């Protein structure tokens, strides 16, 4: 495989789902875990398309659930690569929600997922294409990806807090 | 509700799904009925958004299944209104399929679904927005919609074949 | 395999399902796509039993959804071969619906599905048994099968309208 | 409601299911609990139709699982009322299994389920129709129902073993 | 494998489930078959852990459903080996139910399941560890297991009633 | 409701699940989103029991997926309250995984979920019981909860990094 740069839109993935009864809790709200399950699938399809390889979820960053999503609502999940590292990719996932009639559209959630690309024959990590951002939003997400990655390494115990340079800077003011 | 014209892209709906084991038959192929179930949901979300109302499926036209879709494949379903009548709408649904890696993308199927918009308070049919086509493809689908509607009425026994003017013309050469 | 004639009742298949919450839309009606999914399974089991082979769905003809089916209703799907061609079969599927208490039984829908029988070793189409109709209804469906097949070929672009002899006759009065 | 006698065939219920991947254990065999879930639905539909009322499962008698049912097999579940008591009914459920091709058909299991009919307004038990057996098999199941009922009462602690007259007779030889 | 004795708590398995809409009948009660499906999974996981082998369900004894379990309730299923025979094990499964808030906790059901351990290479029955009871309740279940096993053999037609010594004793007073 | 202190074990919740085909990706690994869906249910049942009220997921902290979980594996999810604030609770969720035979048991993941308790009548946040830790592990999780909460507030944009005192301390060495 020729490892050339690819754009964010090359692998942008959109998933629409209607909230069914079994997706909701006894109050009639979409359960957070069901939303994360769909976000993971959308993000995984996006990452596999970018990597042109099978992928596995490596991590999910902090997710907030601020607004209730109700039975019968329609959600639109958009997944986009923010940045590719050696064999891993960060995917930005945003959830829009609206009534079934399209009324009251609003952003519901977002989260950053990390995936690792695997070589199908030996299931070892495999190199992925770099991302070439095309506009300011894509460049902003691209640039901030290293900071989020640092936090991820700290939170999973792979980096000592005192070695997390970018994060230290934020908290050191 | 102000019944103004709307465009096709106002309600265009995209749904991405990964083919899971339970979606397939013992040969590992996506079962036709499962694909139709997803197409119906995507088309229904599209129709409800156009109508700004609840909708119910009224009919599905002929669907062919020519190429097998395999376990682990990713499908992208795109639903677009072709034409709105009084309280009903025709939706064009197209299915693209590719490997999970994005390889081998191809068109798999298409079908025309019809939906009726319902007034939520009395569940009676309610008037819907007209469609204003914006390009040649949209105009072509818009113009051919009356012919498909005629065939639908004949096939459901609501129109006598001899009164189906547009279809008679096609078969009378 | 000895390719002898078989009767319709040799492979007649009956499927009973209760409409569960996740099968319905926000209005509490069975979604059309879910009904088609069940019809496809019942028809596929019927076709496989007739062919004594694995089968794949080749096409579904026009389906109308005229009466709402509600949460808690019970449906009975009956699938019967109408006619077998070389390696393909047409299956007539009829849906009866009633309250859970058996009250208000009525015909809800019907549709014609087409299946192709596959040889399990090479997944190529394989010859199937002929149908030997046993009564007037079976003969009527058998005789009309060639006309529906012609329409199917026209609708899938494999036959020119002007070559569809049986259909031309219907529309030429 | 007029409580007249009804026949077994008035409410006989047939359910066909294909064994899907999620129905099986890691060895590829249908899990016993999934089969019981389907048997319960078929029996419940049968009982509700006989009672012309909502029903709830009261008990399931001993079930043996002697032959493995494999992924891709097709099962046919037949549920028939054996006998109606005051507000309860006993349902005989038999499972036939075959390859998807119809090959190797055989009886897989049977079980007796008990249901209680409920009045929809107050959810209290309500009187059900008596059964009028029409042939020897139906009479045999009808006559043996009191013995099975006695065993059920003993096993659920509602009858002392020494008061179970019919069962005592069997074990007293 | 070294066949040493194991304790009940070595393989005790706890499963918590929340009752979702699709688990209930039109009255909003958990369907008996769904409960049995979960009990079978919990019991199977318990038996496989005790046997350190794959297992298949051999039988389920009489189950009563006395109290309705409602949508949104939480059930806790506890599965424990009572006694191991040569290659089979009896598992006691108890179901506790409570409101989602933990209010109104109560025992809902219990049942005895039997499993057979299979050798993974040839799928033949394989020897399992013996159980070493540790307290009075475990000893009581252990001792009564032979009587239940006798009844199971009679009910599945493998033992003549007149040869069922332990059961005869109970009914012979 | 009398708001007294409760212990961690009062609401500890254990959920056992077997990995089924539909839970896995095309490589046969449990998809991360499915695991998060189960973790959310276990955590929600735990939080509702502690609060004696309905709850909704407010946030999920960083989750890593380091070891693949395979088809047929058995997971045991344990959810425990770490600390209760005014109307919110933090829940520690730990996932253990093993072969179906019980072999190779190991810790797979952990995550911290936050829930808000709602008053059922007006769906507004309602006060919850405090936690009274009983041992060193419970005290450690209790004490670290304020730091995680600070990070959560920073990540969701509700607290400025420079006001996050506990976190600043960690990164300021």
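Which chain is which? They are A, B, C, D, E and F, in the order written, and residues in each are numbered from 1.
What we mean here is this: a contact is a pair of C-beta atoms (placed from the backbone, for glycine too) under 8 Å apart; a residue touches a chain by one contact, two chains touch by 3 or more.
As the structure is a prediction and not an experimental result, all values here were calculated from the model.
Counting only chains that touch, the fewest steps needed to get from chain A to chain D is 2. Path length between chain B and chain D in the touching-chain graph (shortest route): 1. Both chain D and chain F derive from one sequence, and where they touch, under half of the residue numbers involved are common to the two copies. Interface comparison, A-F versus A-B: the higher number of contacting C-beta pairs is recorded for A-F. Once the centre of each chain is set as its mean CA position, chain C and chain E turn out to be 42 Å apart.
Separating the centre of chain B from that of chain C, both taken as means of CA atoms, is a distance of 20 Å. The mean-CA centres of chain C and chain D are about 30 angstrom from one another, to the nearest whole unit. Across the assembly, chain D contributes 18, 21-22, 25-26, 41, 44, 54, 100 as residues in contact with two or more other chains.
This structure has the following touching chain pairs: A-B, A-C, A-E, A-F, B-C, B-D, B-F, C-D, C-E, D-E, D-F, E-F.
By the touch criterion stated above, chain D contacts chain F in their complex at residues 21-22, 24-26.
Contacts from chain E toward chain A in the complex involve residues 18, 20-22, 71-72, 100. By the touch criterion stated above, chain B contacts chain A in their complex at residues 11, 13-18, 41-42, 44-45, 48-49, 51-54, 74, 98, 100-103.
Considering their complex, residues 25-27, 29, 31-34, 36-41, 44, 54, 56-66, 68, 118, 123, 151-152, 155-156, 161-162, 164, 167-168, 170-173 of chain F touch chain A.
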